[in-house]
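Next, two complexes with chain A in common: one pairs it with chain B, the other with chain C.
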Partner chain A sequence: MSTQHQQQPFKFPKIYNFPPFFTKQPHAQTYATQLQQWIQLILDYCRYNRVWILNEKGVPLSQGNVDQDQSELTSQDLNSSTTALDDEDADVRKKGIFVNDKISRSLDTLMIQEIFQELITSGNASYVNNKRNANAKTYYIHWNTPSDWSTILLNWIESKGQSGTVFTFYELCFGDLSIGQEFYGIHPDILELAINVLVDDGRARLLKDEDGKVAGVKIQ
Partner chain B sequence: MPSDQLKPLPHWQTTSLTSSTRPQLNFPIEQEIILQTNVGIYQGNCKILNYQKCRAYLTNQRLIFVRDDTQHSEGERLGLLINLKDIKKVEYVKGFIRSSSKIIVYLKRRNKESPEEDSILEDNGSKAVILLDTTWICPICSFVNSINININLNTQEKACENCGVKADKQVLTTVITEALSKTKANSSRQDVTVGEQETDVGCPQCTFINHKSLTNCELCGCQLPSSKMNQSAVSKSLKVERTLKVAFQFEFKDDGLTGKDTKYIKLSFREVKDSSDKKFYQQLQQALEATKWEGLLDNGNINKNSQTAAPLTALHESLKTPVFGIHSLTIKESVKSQQNQNVLTSSVDDFSKIINDDDSQLQSLLDSFTPIVNKQLRESHSKTHKHTITTKQLRTNQYNTPTSQTSPKELAYRIQDHLTSHSSTVITPLTPISDLYVSYNRTLPPQGKISPELFLSIIPMLTSPKSQFQSMVIPGTTQLAITDTKQLQSLQISIINFIKTYGIPDAYSFRRVNLIQVAQFFKWGVGLSQFAMDLAIQDGAIVSDVGLEGTWFYLNEFESLDIISCNNGDDVGFDGQVGDHEESTVGQGLQSDNSPSTQKNSLFDLDFPTVPRAKPVGATTVTTETMGNGQTENSNNKKSKTLLELEGLVL
Partner chain C sequence: MGNTTSSSSPRINSQDKAIFQLKLQKDKLKQYERRTTQLINSETLQVKLLLREGRKDAAKTLLKRSKYQATLLENVNNQILNLDNLIHNIEFKIIEKEFLKGLSQGNETLAKLNRELNVNDVTKLIDEVNENIEYQNEIDELLSNSIVGKDYEDEIDEELQALEREYQVKNLPEAVSGEINDSVAVTPEKVTDDTQNKQKQKQENTPQPMLA
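The block that comes next holds the complex of A and B.
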């Protein structure tokens, strides 16, 4: 799946090249449409490129299959796709989704904030609690909401007959069983959010080791 | 209350009103002279109850009363009038305690048979005015001129409105007699069919079938003979004793006129400012005298035998014969110069004789002239007017002075007339007040201009809540603009069409325009253009793109460009598009780095009504020069300056 992505970069919709798209529209109804189109664009883009975290400029901070060892806030080295093949994608990775160099337009920061706010209220984004760098606002982008993820997990476990088996987080993300699943390589924080949804529903139980650290999860 | 016994006098006639409830004047012969508001009318001693608060218009042909108090329903869109020719004499009665000052208008006797009315057809123009026009075609330029059919050809010469060549009298007489016979035929036919004739009307000139409610042909503009309004005009002029459309409501059942020979009506002035009633009276008297004089002229009793100078008249007569072509024009010219020479030599002879005589004599002569000269300066229309036409023009100018004589309300009506009559050509749905002021003042004679203060004070009257005109403040300025709410919709449509047709396609072939293009195309100032675009944006018709290069306006394509993710498999033609995009991106980049002033020039060079190009303009028109960021900033300043200049020029 991911190899296919690298060959065919995300195709931006036509509106991304429509200059007024980058100006906050004064007309209320038009603005509502504009906002929805931005949200749709962000979610589409993030889903396509498996972007987990965006910063306030729209630069993907975590993308693709996240190794659990990796620090969550370092931009991944995206090996092959950063070539000249894919201008727009490279631009987005460098300057963020809110800048379109082709038409020399960029979105106003206020408007960006409103977009993120709208994303958060609709449950498609949440703040990253980053202790090291409290000022930098970063957002998890939930192109699948945590409850979506939890449903996917549950369906997968049931279909594999693994109900009641204890998994470590790593096994869920990178285990042999989960290869080819949508959540393969999911960002651990987002996985945790999904598991928490299951825990709240009483469908999962967290198993902790002696230090109080979560060692595994039993989903049933 | 309406009395059965009391009949309105036969002298009363009606006229239709314009949309702003001003009387329709018999243009161009009829000129408005003076207006008086708040006038009540009496017939004899009896009040006409529904005409107790009206505006009285005095024109050089009629005395017209328009009700002021009520909203005019369709049926009541009529003004009451008395022809000046029906007036015998007028008398002024001073106001006393509670009774207001009045003008008593004695009317001429009218026979039931009224032989004069029937004789109109033979003796044209001697009596009541026929509100009918016909057309004659200029033999030189074949322009279709309109002419009133009761024009007196003995006294008036008609020149072609297009080329100015005087018309042959023979041509005019044939045209007029034809028209008259037609009218006669029409009216006799209508006597039978009036009432049930509700079908559409075919134009007599171009045979276009017009709607029955139209008065003029939709295509060629000529007057429709059988439309309702013209019918009324015809029947009005031909049959005076028809029932009046206006319902009279009399106070008493007796007006004290029955059995008396001289009928009279009274005008009561309820609101008098600076003895405006007296002015009205004076003007009325003068108008009556002028009418009498014209009546005499029409009858051909004046100057019939007088001859200014025999040889000259002979020459003049020779000129009257129809002559065409350059050769005859040169002859005409030489004859004229000959005349002039004669006049000059004779006067110089006279003058030298005087000088040779005595200095003191000359002085006394000069002194004797001064009072006359002064008098003539004071009242430019002397009673001894030999050249009716020139004095007429002078008089017109004098009468139209609105500052002193016209009430603000009347001015508002006039301005509204001006706005509506020109709205299709001169005035756009958005008119800055300054423009309106200038364009309205241009229609006024030199001595009758109105002051800006007065104009400003009128604006609130013009833009009352129920009016179709509203005032708005142009954003960013303190300027007001008058908007025609009826036309705002069409304005938006024309803006959209403008962008669709003349918008420059950007790198991704979205059509866009900037403010200067809009200003040029619609011939607005920059501020006004901004205002219009803001209005269109507020309605969601167009969207703006604010960038470093300034603001561009695009059509609102947000709805049509809905995001449908193209990433779900089919990527047809993507590669080709990428190539295109990159090429034009280079152009785009250059354009954005260009100084806005050069960019503006390229806009000015752009032939405006060109066929929209399929290729992105960015790639073709952009020059090769590039500038740094700092320079861009400088030129930004420059641009704002030029914008200011533009604004100062245009607004």
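The block that comes next holds the complex of A and C.
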């Protein structure tokens, strides 16, 4: 579960406490490296803490194993653990990854946008389609790209001899067969992105429930 | 591999849909189970808090509710088990159906092949083949006997004996010439031996200067 790392919070690289890291480097080549280091940091952090969505300030909006049913509960868990952890990890949850209070530095919004743009072009992030609040920009962080996830799913299905079986999305996320898999508790939107890759490859077909919502898939 | 067209994508039949519906129900039960477990956990925590505050009656009612939830939870678990069994049964029946289909298909092909192989035709065919073989044997016998009659056999024997005698006589001088041939044949070998020896000596000679 998401609690498995809580004893050991994510270890930030040394550069995170290096003030110039939070200033846009004027030299093009240095800047390119800086950008790559930021991207690596974001991906490492999100993979470690299983962060699915970041907002434009770099605050994790969806983290750990996502259960549609208990989204409120998990967010409560997050709040309670922030008070317990008095470290960078807790700061990230409150203020975002782009702020480091320890050295009183924060990254310029323009550069943050450039980082997200770079993440999107490399396929490691995508916009969240937010109907309720169109102004708030949030991003799925693909520390595994949808294509990576689809390969993981396909390998898992083949190894379990479940080829040709019908799965509900909930079953894939929380089924007994999925326990211990990397995709256990995956964000439903990201799961859908991964399954769409399989559909495009002709390896899967979607099933809809009574309300017409896509809720299942047959993978072969 | 990756070039599969959309037409080869998995098809969804009525059984898939039925299993899908069952699984959706199971998901709902599982979600309910999770929710209830969470509820019971928080309620027991509240009971403890109430007891600490000394509100025994409130704690008791809460405990009652919690117990009721627990019985519901057990029901839910049983239902999940039932659904699971049903899903497995359906899946197994599908496999059995496939098995029967395969069996009947195999049976059909076998019957079709058997129909082509009529028993009467086969016995007739085998009889005919046997007749033909006998006929062939007769012909063979006739051919081996008819031309070479008994009159020739004595003549053949005489000729054979004469040839044998001739061969024995001819054998003696041949043995002598054979010895001569041997002695003649030895000399070239010796010559070649000598040349070989010379070559060997040459080969032995060449490394010596290098060693010195």
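Everything below uses one rule, namely that the second predicted complex is superposed on the first by the 197 of 220 C-alpha atoms of A that agree within 3 Å, B and C clash if a C-alpha of one lies under 4 Å from a C-alpha of the other, contacts with A are read in each partner's own complex, and residues count from 1 in each chain.
Just so it is clear, a residue touches a chain if its C-beta (ideal position, glycine included) is under 8 Å from a C-beta of that chain, and two chains touch if they have at least 3 such contacts.
This one's a predicted model, so the numbers in the text were calculated from it and none came from an experiment.
On the shared subunit chain A, the superposed partners chain B and chain C are arranged side by side without overlap. By the touch criterion defined above, A:170 reaches chain C but does not reach chain B.
Contacts of A:95 after superposition on the shared chain: neither chain B nor chain C is touched.
Using the contact criterion defined above for the overlaid structures, shared-chain residue A:48 touches chain B, although it does not reach chain C. Of the two partner chains placed by superposition, only chain C is touched by A:201; chain B is not. Of the two partner chains placed by superposition, only chain B is touched by A:37; chain C is not. Taking every C-alpha of chain B against every C-alpha of chain C after the fit on chain A, the minimum distance is 32 Å. Residues common to the contacts of chain A with chain B and with chain C across the two structures: none. Remark: chain C residues 2, 4-12, 16-17, 19-20, 23-24, 26-27, 30-31, 34-35, 38, 91 touch chain A in the complex. In the complex of the two chains, the chain B residues touching chain A come out as 506-508, 510, 512, 537-540, 543-548, 552, 554, 556-559, 561-567, 571, 574, 578, 581-582, 585, 588-589, 592. Across the complex, chain B is touched by residues 8, 10-11, 13-15, 17-23, 25-27, 29-30, 33-34, 37, 40-41, 44, 48, 87, 102-105 of chain A. The residues of chain A lying in touch with chain C in their complex are 67, 69-70, 73, 164-168, 170-171, 174, 199, 201-205, 207, 209, 215-216, 218-220.
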